[in-house]
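For reference, chains read A, B and C in written order, and residue numbers begin at 1 within each chain.
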Amino acid sequence: MQPFLQQLCIILAVVLVAPLIGGLLNGVDRILTARLQGRYGPPLLQPFYDVIKLIGKERITVNSTQMLYVITSLFFAVLSLVMFALRQDLLMIVFVLAFSHIALIIGAMSVRSPYSKIGAQREIIQMMAYEPVIVLMVVGIYLITGSFMIDSVYAHPSQLALRLPLVFLAFLYVLTIKLRKSPFDLSTSHHGHQELIKGLTTEFSGLQLAVIELTHWYELVLLLGMITLFFAQPVVVYGIPIWIGGLVALGAFVFEIIIDNICARTSLAWMLKMTWLAGLGAAVTNIIWLYLATGR
Amino acid sequence: MQANIILAALILLPALSALLCLVFRSKVIRTPLVILTTLLMAAASGYLIYAVVGANGNLKLDLPESIFAIIGWVIKAVDLTVLAYIIFRGVRARRFTSPILAVMQLVVLLALQAFGNVIEPAQPLTIDFLSLTLILLASIIGPLILVFAIGYMEEHEAHLHLVKSRQPRFFAILFLFLCVMNALAMADNLLWMYTFWEVTTLCSFLLIGHDETDEANRNAFRTLDLNMIGGVAFILAISIIWHNQHTIAMTDIVRMPLAGHFGGFFAVAIALLCLAGFTKSAQFPFQSWLLGAMVAPTPVSALLHSSTMVKAGVYLLVRLSPVITESTLGTIVAFAGGFTFMAASAIAISQSNGKRVLAYSTIANLGLIVCCAGIGTQVALGSAILLIIFHAISKGMLFLCIGTIEQGIGSRDIEDMQGLLKRMPYTTFIAVIGMISMLLPPFGVLMTKWLAIESSVHYPLVLLLIILGSAFSVVFWGKWIGIILTMSYKAKYLYEKLRPTMSVTLMIFLVGVVTASCAIAPLFNFLVSPQLKAGYDGLLLSAGDGGLWLSNGSSLPVGGIYAVPLFLILFAVVAAIPAFISRTRPERVKPPYFGGELANNDIRGIDFIGPGDKVEQVIVHNYYMTNIFGEKRLSIWASLIALATILVMFGVTLFGVTL
Amino acid sequence: MSIMRNSRIKSPWIVHFDCNSCNGCDIETLACLTPMYDVERFGIINVGNPKHADILLVTGSANYRNARVLRNIYNQMPEPKAVVAIGVCACTGGIFRECYNVLGGIDQVIPVDVYVPGCSPKPEAIIDGVVLALEVLGKKEHPVATETEHEEVEHTQYA
């Protein structure tokens, strides 16, 4: 197949299949949460019912530009996932994802609602908290593979996580923030919980909320994809290669759900302090170790 | 022939216009004069590009030696006049720091001229691609800002109820500044560069004090004081370099890298030049003058304090980059720049005065340029020059927007800009694009931040500072964009009435910002790449396929991005805006949720029924977090650390360690 | 059964408003969310925000003051929506019917689809009521044609 055609197939596959995976993972999230709480939980396909119902709601809005921001956010989230699938520059993927977040934040701030605005402010502070850690993760990968392109991760002979353990742990730490799970679900919380009513997403309804849901699904797939980068090489057991990257990603997801159900929400100041102390500290330690080990 | 055209259009023309503005004080003559000068300077810049490309990046202005000698004497006279005037103004205002510094400069200068037997370089005016970049900024953006100022100053003086217009003085000094800025970019002779440097300081002083209020005068003198420190450093550096290396031509100095050599007098001189650059570009601990300079009228802030004058400082550092790269001095400069980037971005979070936010952002971006110049690899230098270009355009545009907004709503506070989209949609749209261009991919400033991160990987502390600064800058831009786009539903948008010079200039800037970022690949290949002849540390920057790419010698890229496809998506989004806005019908609009007690179903979302059936207003402000990012707290710490860095810098160069 | 109708029935999001209830019905309503009764099996989530909700659960009777608030919340809900009046106070005014400030049940203010009487009704009854509301919701038309269903807004002047 010509490379362009192959790329087009990859893009289509990603755009169409990723939300399905994201939705199923969300469904698993809700069932697991319910079982941990001693409940029965909704059916597995519940997130899909939710999104379809939201699409069918009346199209109300609070101002004229909300839909625009939400769709921009979706576009750029999809774009960053597509870039990831096409194995582009990892640092740029992080920045394009940041664009998606900013679009949502601006959309939330464009409404004159205190819940929405305060949620947006908290979301901005959250971005400030986790962005350094993620960029350091990318830099750590660069220090080992010598390239920012994702190709080089797959070409590298050993598992990245063996030399980036602290960076991996820091990434798990900020994954909690990005997935909006306790203890860091400060700007808006996911289903079943409320924070600032619905915080960032309070004034979005119907189709707009469905688009935000889809954005979260694409982002979930992207984040789990980033985890697989740490375990990119298959482990051969009895002659069968097992792609443990995917397994670790699912494991991390389950871990996040468990943490969500154990912890209470923290305050903004605490989150900022702990993310920088623990998350940034761990990542910086790892980078310095790498820097000293590989030499200049 | 070439030399004459270039000199005439880029240096003599603005000087002539300055004179004409002072002589013919009427607006009827001034307006066409400004527009004519703008067009002529733009044409000259175009011709200059052609000439520099033709000369392969090494255009020397070939004037007869006698002319250069005459110019030399004129410049000496200008030196003395400027310093004498500064002493006079300082003494008259009873502020003695500047006169003392001016006397110091005078002493060193006279000693050098009298006893140094200085031989001036034969080719004092040369233009390579870096000079070309600065000249393009000063000759295209500069006059455009002057065109904007035509409309802006009308309004400004009407606000102040001035009986006698002070615009002739204003425009004259601005034209003089443009003339000197172009000359500075062309100067290869360090003594000439020093003179032009001091004249820009003087212009800045005169323009900040233009409104002649107490605050303006105080800030003008602070500018003078801090910039004069740089001037003293500059002239001292020239003296040391002359005695040490017997040359004062920049092209010679650039060929003497410090890496691997012992420290000594030459290294100290380079450190002094770096210090001069720091003062001119308002790095910590010298940042207070740029913040005080925000009292000046907006065109001054846009032209001097974001696009051109402060770029002179980083221009010097980028010029010196081949000298300091890979040495301890370079690492310290990189740290100083990165630290400024982080500290200024942090303080900007706590500011609610729009112009102060822009000022801190300028300081931060200048810090990033300094940082890249200190690192000095091919990628870092490319990033520095690109950032000079993109920052100048975007920040200039943002300052013009905030000037327009300030005249529109009477306030520069960010909190008062809520709902601006409805009152001033044209300006808001342009301001938002400007802010987005400072913050997000695929615009140029973010690309340079990406490049800076990719090039500073081997300096972990500097890397951390850049990353933190980048995270902070997202916060204050995001907050501002959010507030400015706050709106409740309104069926019709106000048709904004702006003076034609202002609105046309803003549109030209907008087109410039978008085009420059879209065309980043040709821009890089054309203007920046030829300048980057230095060897690479394994990473090579190139442009093509509509994007920028990093490679390390093998055929596969190590990092890169297609900028153009991202822009296409962005254009699609922007084009869809009117469609979205028109689709909203009034019956679909609901008020925001306030727990159910909106007054009269107020869809604006402002009136709330409080206890006792009283109507309260809902006011939501941004977080400013002054207890963490407060200006006083952070400024003191940042200034101390920066001062320590500078002392370390001098210590390292003075005490003869291996650099 | 179209996909849309199916999804609407399988994913009802509720917002709960207490008019002037003694909180007895509220406790029973919120008990439905606990593991004992677990209404999330039906996909029900308590979103606190009328803009996200399909079903409005109201407890307590309507009085002059909370009539404005109730109408406000009802208006902010996008179609299709259903209202469930929980407890006899919400249905008819209940034990407070004769008070000077009470207007009666909430059907004096907004259209009600399901009445769940009781003081206070058991969670099983409340769940039955919500399931009935789901049937009503499923029968509602696609919201495109519902321009006429908007509630009249009373413009009251305030001091």
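Heads up, the rule we're going with is that a residue touches a chain if its C-beta (ideal position, glycine included) is under 8 Å from a C-beta of that chain, and two chains touch if they have at least 3 such contacts.
All values derive from a computational prediction rather than experimental measurement.
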Per Cα centroids, the chain farthest from chain B: C
Pair exhibiting more inter-chain C-beta contacts, A-B or A-C: A-B
Approximate Å spacing (C-alpha centroids) for the pair chain B, chain C: 59
Chain A and chain C: spacing of chain centres that average the CA atoms, whole Å: 35
Two or more partner chains touched - positions in chain B: 590-591, 593
Sites on chain A at which at least two other chains make contact: 58-60, 197, 202-203
Sites on chain C at which at least two other chains make contact: 49, 51, 76, 78
Touch list for chain C against partner chain B, complex: 17, 49-51, 68-70, 72-73, 75-76, 78, 147, 150, 153, 155-156, 158-159
Interfacial residue positions of chain A with respect to chain C in the complex: 30, 34, 37-43, 46, 48-50, 52-53, 55-60, 191-192, 194, 197-198, 201-206, 209
Complex contacts: residues of chain A adjacent to chain B: 58-65, 67-68, 71-72, 75-76, 79, 88-89, 91-92, 95-96, 98-99, 102, 105-106, 108-118, 120-121, 124-125, 127-128, 131-132, 135-136, 139, 142-143, 146-149, 151-152, 197, 202-203, 284, 287-288, 291, 296
Chain B - residues contacting chain A, complex: 418, 439-441, 446, 450, 453-454, 457-458, 460, 463-464, 467-468, 470-472, 474-475, 478-479, 481-483, 485-489, 550, 552, 556-561, 566, 569, 573, 576-577, 580-581, 583-584, 588-594, 603-606, 618, 620, 622-623
Residues on chain B engaged by chain C in the complex (per definition of touch): 587, 590-591, 593, 595-601, 609, 613-615
